[in-house]
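Shared between the two complexes below is chain A, which has chain B as its partner in the first and chain C in the second.
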Partner chain A sequence: MAKREKVAVKICVGTACFVQGGADLLLYDEFLDPIVLANCEIEGVSCLGKCKEAGSKEGAPFVQIGDVVHGDMTEKKFCDLVAEAVHA
Partner chain B sequence: MNDLFIDVDYAQIYKSGQKIGGDVFLLSRNPEREQIVCTLSDGLGSGVKANVLASLTAHMAHKLSFSEMDLTHSAKIIMNTLPVCKERKISYATFTIVDIRHPSLDDIQVNLVEYDNPQALLFRDSKPIVWQREKILLHREGAFKKEELSRSSLQMAVGDRLIVFSDGATQAGMGKALPLGWRLEGVREFAQHQIERNPSISSHDLSRAIARKANGLDRLASKDDITVMVVYVRRPRRTLVVTGPPFTKEKDEILGEKLRNFEGKKIISGGTTALIVSRLFNKKLKVDLSCWSADVPPVSIMEGFDLVTEGMLTLSKVATALEQKKSLRTLPNDAVRKFVALMMDSDQVHFIVGTKINEAHQDPSIPVEIGIRRTIIGRLRKALEDNYLKETSQEYL
Partner chain C sequence: MLEINNQYNHIRAKVQTEVLKQFFGDTLEQDVDKIPFYIIPKERVPARCCIYKERAMIRYRIMAMLGINIEEDDDEMKSLSEYVKEVLEKDTPPVPILTTISTACSACPPDRYLISDACRGCFARPCLANCPKDCISFTNGKAHIDESRCIRCGKCEGVCPFHAVVHIPVPCEQACPVDAVKKNEEGYVEIDYKKCISCGRCATSCPFGAIVERSGLIPVVKMLKSKEHVTAMIAPAIEGQFPGTLSQIKSALLASGFSSVVEVSQGAETTSVHEAAELGQRKEEKLGYMTTSCCPAYMELVDKHIPFLSEKRSSALSPMAYTALWCKEQNKDTKTVFISPCLAKKVEAARMKSVDGVMTFVELASLFLAKGIDVREMEGSDLGDTSLFEDCREFALSSGVASSVLRRVENPEEVAVLSIDGIDKRMFRSMKIWEKRPPEADLVEVMCCEGGCISGPGTVVKPSVAKRLRGGNNATTPVKSMRTPIVRG
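Coming up: the complex of A and B.
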């Protein structure tokens, strides 16, 4: 079986995201399922630029999973979405 | 901004068991007359008595140096004022006065008056320089011998160091590790070795290294007060802090130009600003997740830049740390500490402040500590100037 490519996950560490929950997301080691963790490549990003978009329904913190940017991220939502992307 | 920086610092270790020193060091800068005067005085004996005598001498020397009076004449006045010890028939305090006048970069005039302290040392880069001293003999009432005062004029240039120390350094180790003490030669060799090892060693570090070595020779229980003062003439260390995106996109290129032409350390503070710079210089921006902190976002790494941090949160924490004069050791290892460390290592800090407003920070759910960029930069500059005597400047883009 060909080895699957890891899912790219980018956590925004910009000011708005960081103060509204992004800081806790950076501790992903502590709450993410190890199997899911092994199958994704998590990194920080200085700003995804989403918080400045006018009329956006979602707020900070933002996380990019694959090519999609998700807002209003919480630990639970993060775990679910990353797991979903890994098992897809 | 000034192209010249005269770095003066001293280190002092009291005689073992004493809580007060018999060596007194004074330093004053007079920016209007471009003059710096440093005085080192060693009072006879140790403890309180020596301290009183040395303070008296140092303050006299200091005040007189700032007057229009000729330095030799002031020295004579001090000598005649100094009491003479009844038993030993010698003077109560020795002194060295270094009077530096620096009207321009290639004209740094030093007038040196030495009385009974070990001879000062001069290094041009790491090469010791010997110069002629003019001897002045004075006879005072009650003294058993003629007093010899030596005076000299020196021209210092960028890269030169003048080292002045009390006899606690030259006599270190006497009778123990070294029968005749460390002596002038020993201090010279040690200082030369230190400068060769680290050619840009600061006055702070060099003076401490010499004083610690002397104390070590005395087996960490010094027999006399050890004071070492270093004057180092050098180019200022500059740091550029870029924070906030320029008001319009067209000005991004100007920012790039300014960054390219700046000589010194470069700090980028702000996520969006970092993205702009990474695009302009075509450099990869990577967030370093190895150090986690609940207070400030992690630093990023970009080739060619010394520090890349988040903006407002980090800056306000840096301003607070500088205002409270927090010691580096007490700060956790995060972006704030790295920022403060770079600030401490600079003589001149230039801020380029982007004036574009970040819409995301207008959200009422964001903590109030994220204030207005200008206010925070104002606090930073004030703290740097008042608490750390740094030169700062700023421009808006």
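Coming up: the complex of A and C.
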């Protein structure tokens, strides 16, 4: 089996995301499944710009998984989406 | 205490940010009454009974933010705009710092123990055997607690192998270390301010948001707007609360309108030196143990509940006080604003002439959001020479005050230290017996919040996150700093 590329996960650590629940996502080491964790590359990233978009339905905190930016991120949603991306 | 990451805190941050945006945009008086509708739009799925009640709660939230005593000054005929007008004209110190919103209070049923469906009616029946009041009986093969005889000792909960006993507390009553929070005859929350030590535990435990802090934010933002010289005095706990280093936080503060930024760790150094000298003297005179004096909730606790400790606590002023005096010495016209995670500091500040305003980290976060300031994007500012007091940034952590003092004592190995890490009901009882049985220590460090100030009621992030982001440049790469090395056993 060919070695798959790791999924790129970017957690926004801009102030708006950080103070509205994003800081909790930094504990990913504690709540993410170790197998999923081993198959992704998690990075911090400056503001993804989504929060400033007018009329956006989703709010902070934002996380980019692969090429898609997801908002209203929670611990649960984060685990599900990252696992989904890893197993895809 | 509730998790910091919860809906109540999110809504509160939204409200605060919106109020500040309008304040700086000069539209607050005109548009404040629209905020409840903006925050709770009609499409929202309500988490209270209906969106109308949620909007009414937003109104109270805004009143608390304006520093209004909701218990006494709630006039339903008065619009928020009228309140804003009054507050903008005249500053009043928000003391007592807590206020209750009886409409938000869910009138939780009294604290009780219940046997749930998980009870299997087992043969050993440890609940029955261990109940000191003999109030457990078995009917239909299941345990049952006689409420009238139960003394809520919790023994049955601890011994049930099926975890079938549930403890349903009244969160605010349970959180208050000094029994100042009680339900009134109708079952709604009431605070006895003669007993209250302003620690803020009740406010952070109520899941309905019925106990709120009266903010001192408006006087502060008024200073910022009036272009006076305003000095931000940042508590040592600020490191780790925002995604950036101390020098970036300084830049962010300057960008939000403060004229200068001073670390309160500087005053903490003075406190440590003073306490170290006093400790040596007390030891020489064989006066017994000495307690620290920097925690304002502990100071209130001593004044209101444990008077014999007043001669045991150090005569040193708090780091905030020393820092404020220093700031005024440098520039007598500067306005000083203390920024910390603490509610009780507002009480201390209200008594002092040298501190002109107090705000919490949560409020600072809203200020950054309202002004569109991203701490992470800031170019770092020079913090100046911090070598003298750098180690005192530890004041924010439990046992950090004691170690700062020890580093300034002549023979640190001869000093026995006791750290009181958090004052809850039980600790309060233990402290009361110190009169007859003094603690076996020379220096007693007291922190009202478990873990120290980084667990204070006005913090933005969990202590576990804050701790990892503190020190050096950890905060510049938050995600990397959080990574735990894999430990193979």
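The criterion applied here is as follows: the second predicted complex is superposed on the first by the 88 of 88 C-alpha atoms of A that agree within 3 Å, B and C clash if a C-alpha of one lies under 4 Å from a C-alpha of the other, contacts with A are read in each partner's own complex, and residues count from 1 in each chain.
Just so we're on the same page, contacts are C-beta pairs under 8 Å (C-beta built on N, C-alpha and C of every residue); 3 or more make two chains touch, one makes a residue touch a chain.
Everything numeric here is computed off the predicted structure, so don't read it as measured data.
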Combined model on chain A where chain B meets chain C, clash or fit: clash
Which of chain B and chain C A:C47 touches, first, second, both or neither: both
First, second, both or neither for A:G14, with chain B first and chain C second: both
Partner chain(s) touched by A:A23 [first = chain B, second = chain C, both, neither]: both
Touched partner set for A:N39, first chain B, second chain C, both or neither: neither
First, second, both or neither for A:Q64, with chain B first and chain C second: neither
Segment of chain C intruding into chain B (one of 45-53, 243-251 or 423-431): 243-251
Doubly contacted chain A residues - partners chain C and chain B: 13-16, 18-20, 23, 26-27, 43-44, 46-47
Interfacial residue positions of chain B with respect to chain A in the complex: 271-272, 274-275, 285-289, 292-294, 296-298, 300, 308, 310-313, 358-361, 363, 365-367, 370
Parts of chain A lying in touch with chain C, wherever the complex brings them together: 11, 13-16, 18-21, 23-24, 26-29, 42-44, 46-47
Residues on chain C engaged by chain A in the complex (per definition of touch): 4-5, 10, 13, 242-243, 252, 365, 368-369, 373-377, 460-462, 464-465, 468, 477-480, 482-484
List of chain A residues in touch with chain B within their complex: 13-16, 18-20, 22-23, 26-27, 43-47, 49, 51-52, 54, 59-60
